[in-house]
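In what comes next, chain A is part of two complexes: it sits with chain B in the first one and with chain C in the second one.
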Partner chain A sequence: MRVDLIDKVPSGAIGTLWEGTKAIAAGFATTLKHVFRPPITEEYPEFRRVLPARTRARIVLTRDPDGGERCVACYLCSGVCPVSCISMQSAERTDGRRFAAWFRINFARCIYCGLCEEACPTSAIQLSPMFETCERDILTLVYEKEDLLVDHGGKDPDYNFYRHAGVVTAIGGKGGHIDEDPPVNVRSNMP
Partner chain B sequence: MEPVSLDVTVDMDLQIWIIGTIALVLKLGAVLLFLLLMAAYLVLVERKLLGRIQVRYGPNRAGKYGLLQPFADTIKMMTKEDIVPDAADRVIFLLAPAVVAITALLMFAVIPFGPDITVYGHRVPLVVTDINVGLLFVFALSSLGVYGAALGGWSSNSKYSLLGGIRGAAQMVSYELALGLSLIPVVMEAGSFSLVDIVNAQTQLPYILLEPVAFAIFFISALAEIKRIPFDLPEAENELGAGFHTEYSGMRFGLFFLGEYVHMQVLGGLIAVFFLGGWHGPLLPGPVWLAVKIVLVCLVMIWIRGTLPRLRYDQLMNFGWKVLIPAALLNVVVTGARLLW
Partner chain C sequence: MPKLTIDDREIEVAGGTKVIEAAARLGIMIPRFCYHPALGSVGACRVCAVKVLEGPVKGVQMSCMLDAADGMQVSTTDREAVEFRRYVIEWLMMNHPHDCPVCDEGGHCLLQDMTVSGGHGIRRFPGKKRTYPDQDLGPLVQHEMNRCIHCYRCTRFYQQFCGYRDLGALSIGNRTYFGRVASGRLESPFSGNLSDICPTGVFTDKPSRYFGRRWDYQRTPTICINCSLGCHAVTSVRYRQVARQEARMSAAVNGWFLCDRGRYGFFYASLPGRPRQAAVKGETTTMDEAIAHARSRLETLPPDAIAVNGSARSSLEVLAMTERAARLKGWRGPAFFADAGAAHNVKTAIARLEEGLAVSLGEIGQADFILVVGADPINEAPMLALALRQAVQKGAGILVLDPRPVCLPFGFMHVPTAPEALGAVLGRLVKKSIGPAGLDGPAARFYASLPDEPATGQEVLARAAGLLAASRRPVIVCGTGIVASALVGLAADAALLLTAAQKKAGLFYILPEANSFASGLLAPPESTTDRILKAVVDGDVKALVFVENDPFATSPDRELLERALAKVELLVVLDYLDTPVSRRAHVFLPTQTLYESGGIFINQEGRAQYSAAAFAGGAPILETGGSDHPPRVYGTGLPGADPQPAGQIMAQLAGEPMASEIGARPEYFGGSTVSELAELPDVEAFPEEGQRLSPKNLPADRFKSVLPPSSAAESDELEIILTERTFGSEDLSSYSACLETREDEPLAGLHRRDAESLGIREGDGIAIRTGNTTLEFAVRVYDNMASGVMVVPRLQRLPWQGLGKRVRRQDIRKA
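And now, the complex of A and B:
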């Protein structure tokens, strides 16, 4: 209520009664008006609102544009996880690429804080908007690597860690990556 | 001695007795069925309407438009564990919900729901029992209903329940006075305590037109009597948990709930009987008119619940003792003066 309106409230008994009656009548009119308004409820199972891409819900392991697994099993997500729900075992391929031999997330413990996603150097682990993960049996909430892997790049579809990494793989040798200079000869003092 | 004539009188007495008993059982069954079904669906209507007032749907999952919700609720209540707290006064704790439900149901016994009908040449009044002091009977039961809340709150041995019970007792005792006093003008107009006579006296003009002040006082006091918003202090969910029924679960809680909604209908019925002309009305038969009026009063009560906030305790007491009771007394005097001259 505006200040100049407050000043106009009469102080006499009749005036107070009149103002009070008017106020209560206005309340009843408002509620009556709302009865005939269509509800604004979005009824969930029938209507599923499209959630923003950055919604923090079920975690996925994404792939790079070439279809390879992005995860290099660096354990950063596992280390940063405040509830220790991520565990894995690292391994190395013959071409020098690291990967997770197994990768496990216990969604019964996950608090969907997104710290794993922030810690990930390769954009491999990402939170997705899929939130419908209710289960009757709590053990079915333990997701293995094959349950977590998806066939797209998630929120960062063009990024490929090994194109920038400076690690010798099938993609290229040292100095052959994007934004990378050739290796410096440390035995020479030339610039 | 003529054995034949004796047999005939015995037969007549027996016939009257049998028809009377059958009619009574049928009336009881019909009234109980109506009250309980209505109570169940009144809950649904209240939830739906409150939902719409708050621009949402209300229950709409159990059956079409949520029409099976009352049954789902009942099944849930029935199958829930009946918890009695260790520290509770067991016997009273178990009895209190029944007091609330029974007093509410019994009150409907004196409410007439139609004109007398004739069955095989016998006159059957459409009221469970026509007591000549029906109005006092209603007030006696209404006062007894206080015990349900007060004892339920006390026997739970929990501070919230106790506070709720005490609030309930204090509130209902204060509002009982205004409730009773507001009806004295109606009794003066009709010249009878019998609810049947009061209804019959309103054939021409419903008393709401003659006694609008009495109607307003009775309606407000009735809201306090059945512990509904804006007078729902005994079960104030914000500060007392659930007040006198905090510790109740399962069907005992259900009985409190049922009692509350039956009470709502009974007071709807009483308002209809005292002020809206009871079962009188054009075109439709008597019982239908009474049901329509009860539903209307209940809808207004729900509307009030959706609009007004809860009063503070001191406001409630002030309003009851300093406004309603003097107004009711004044109304008695004014009506007396009008009838005298």
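And now, the complex of A and C:
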């Protein structure tokens, strides 16, 4: 059966006027309805919504529960970074702890993909919800280690890599780490 | 030739080949830890399991222990074999610490690769991990024993392959420990290889500790230039800093390994004090201005009053450009050798290395008798000692004729012989070991000219003559550093005579420096540094140009050098090192190292090898950033990238027509008077194992060498032998701070008889009066060296430059 829709619209001037008035009234009715509703716009920056902890924005370098820098400068984050925005130089502290002598992230280049956080074996590098990094001078988007370091453990507050690693640092000597036997006595013949 | 099938692919291999090798030939990498092509199989790690479906023994077998057999069918992917390997990996990981992020091996770790490829990820074993105490093994190797998987590669390499005993396996069973009896510096000069062969991070490279990961390094195939052997290396550069050097496999030259001098001899390239700016009279300026200044000064002088000095640490490109500039402009030189003796020895060696006689370092291991004459392998060319040891392991006998107290990591016969008597002993030995039958013409005449009086009381020589007589592939290794000029030719004639006596004889020279061969090809016969310095003192030469040459390190006559430098009107120095002469230069022009410019080096057997440029130059970030983060600036260009290849600077100093030819390769060699060089391939197409250059025609002086008359009479003089040491005497590696503790004590050596006649005991100090000065040395007394000589190591710390060639006994007194 053929349905001709055009046939249903009233023809003539009266019909057109009626249709127009109806449409305008419906529009104003919607507007009028919202005038008496509470607004949903958030007045940024006066209002700042709390973002989920896993939001991927500005990167931070966290500390272990003992307050030490977690980053051991293993180069995994810089290796995995698809835009090569992370660079660092590892070095050794006097107690044998490996750390980053300098650590630089170029946020002008960062795409906040989170691969660095995924690769990090010590939970040091983490993406935080802090997204307000807009700058006029592009060089201020190049963050050094002191800009990146925070004084907490981020999303993983309890982990301390050096309690597990087995290398000698101020945290523990041989056999002094979690799930380790005391060192073998090479000079003994006892079974 | 057994023909077997591995993973449904057929391959035919030589008898005795292991299945793991046969698979490697097909490109199938069977997992392995304990197996290493240079060290062989022990079947300790069990990770190379494969399943033999058809063959003499069926079932899961260790492919490194299994000889390939005809009709064998092997599967590396069979479920049973894969499962087996996965379990092996899992229990190897049982005690492995959780420290990959702080381990320097991470990124090129065989254990990491095998764990990932074996599919092991989650630890199932709930028990605790075994730990070990670590040792301080000196400045080159870092020890972290927790990581060990007990493959025994380290101790097999250290003891079996190299012949040193101070590192090995201790304790038993689950406590097996690899280390020394007590902490301390590793004694072997090959200890750096431990970090290469350890499949995990027990032994890691200490000088580059925590510097970078393998994936961050710019890795380039290079040639080691710390001695004349030209071993193959891989150089790792990061942040414009040469950080690490590893061995690169080369069947013809060094095999799988590299000595510590070569491995750690690169630090000069990234030294913080390396001069990177041109200077005129001490004031830094741009390269262009300094070159223009030097050129204008040179142009005011007659060409004959300008003399050029180069050295054998420069690449062939630099040497050829230097030679060409001097030739086109009519300057004196270039002198590439300190004195006429050194030049003559090298030139003779080059002329006598005829095709068929010259053997490569790799072929040394196949010899069945090796005669080492006037050479101290471990000190002059350490990798040669390793090659000699491989020959000894296969049953070769080795006789060393040398005045010095030679020490080698294997059993050998040593006849301490004074330098002038070396020829006579060599001649006598060769004559005794072959008969006159079958010799004709010049060979017979040469045979007749050799002395045949029996050596007095030398039963060692008789034994060696017997071994030489029985040998089929003897090799004569001849040094060129301390020997009299006639010996170099005599060694070649002796090898020819052995060839005439139906032996497959070989000849192997050791040359003084990395590019001595090229220097010898290019150097004009009569120009040497000492002559040029004399001409400066006489007033004939007014300007000196030193191209990558530090005469304070090489010139034996310090007094003449000082007088010449005081008198010279213009001193132009081109160098990449901060040397005494570069600090005194009127015009200093910084040059690029081999790592920046790349270049061809010709090793002692005439093998021209290309070392590629590892990076574009510039000062290391560690330096520009002051060890903190790199400077926060945007800009183009590299800081500290002023240095240019020395050859290009020479072309600019010479002016037209050379200056406009820069960059086009043929100009480096095309105009050369040396025809051999014109045949060298383009650097892009340079063969991996290099190209051997040999003399176009048979040398004219075959069988013409004459034995020098040897004076047996007791002289009232001691002959001074200036000798190389493994560490501390070679120019470039002496800039490596990590090798400083490896240097020998600066002691002069005396034979016990000489020491007693002088009233000197071990450890005494002596004062030697030479000319107007008195030099002081401490003495070590030896029994296994020639008498009538005094051995003085050319250590930078010893004032050997003033000694001269001989010293009278009455001028030596106890200090």
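Heads up, the rule we're going with is that the second predicted complex is superposed on the first by the 145 of 191 C-alpha atoms of A that agree within 3 Å, B and C clash if a C-alpha of one lies under 4 Å from a C-alpha of the other, contacts with A are read in each partner's own complex, and residues count from 1 in each chain.
Here is the rule we use: a contact is a pair of C-beta atoms (placed from the backbone, for glycine too) under 8 Å apart; a residue touches a chain by one contact, two chains touch by 3 or more.
Just so you know, these numbers come straight off a predicted model, no measurement behind them.
K.L.:
Considering only the touch criterion stated at the top, classify A:Glu92 as touching first (chain B), second (chain C), both, or neither.
P.N.:
A:Glu92 contacts chain C only, not chain B.
K.L.:
Given the superposition on chain A, which partner contacts more residues in chain A: chain B or chain C?
P.N.:
Residues of chain A touched, chain B against chain C: more for C.
K.L.:
Give one of first, second, both or neither to describe whether A:Lys22 is in contact with chain B, with chain C, with both, or with none.
P.N.:
A:Lys22 sits against neither chain B nor chain C.
K.L.:
A:Glu144 in the overlay: touching chain B, chain C, both, or neither? Say first, second, both or neither.
P.N.:
A:Glu144 contacts chain C only, not chain B.
K.L.:
Under the stated touch criterion, which partner chain does A:Asp179 make contact with: chain B (first), chain C (second), both, or neither?
P.N.:
Only chain C is touched by A:Asp179; chain B is not.
K.L.:
Check whether A:Thr31 is in contact with chain B, with chain C, with both or with neither, and answer first, second, both or neither.
P.N.:
first
K.L.:
Using the touch definition from the top, say if A:Glu43 reaches chain B (first), chain C (second), both or neither.
P.N.:
A:Glu43 contacts chain B only, not chain C.
K.L.:
List the residues on chain C that touch chain A in their complex, please.
P.N.:
Touching chain A: residues 97-102, 106-107, 128-134, 144, 146, 170-171, 173, 175, 177, 179, 209-213, 215-216, 239, 621-622, 625, 627-630, 632, 634 of chain C.
K.L.:
Can you check the complex and tell me which residues of chain A touch chain C?
P.N.:
72-76, 78-79, 89-92, 98, 101-104, 121-122, 139, 142, 144-145, 161, 164-168, 174-175, 179-188, 191
K.L.:
Please name which positions on chain B make contact with chain A in the complex.
P.N.:
It comes out as residues 49, 51-57, 60, 303, 306-308.
K.L.:
Which stretch or stretches of chain A touch chain B in the complex?
P.N.:
For this pair, the touching residues of chain A are 24, 27-28, 30-32, 34-35, 37, 39-41, 43.
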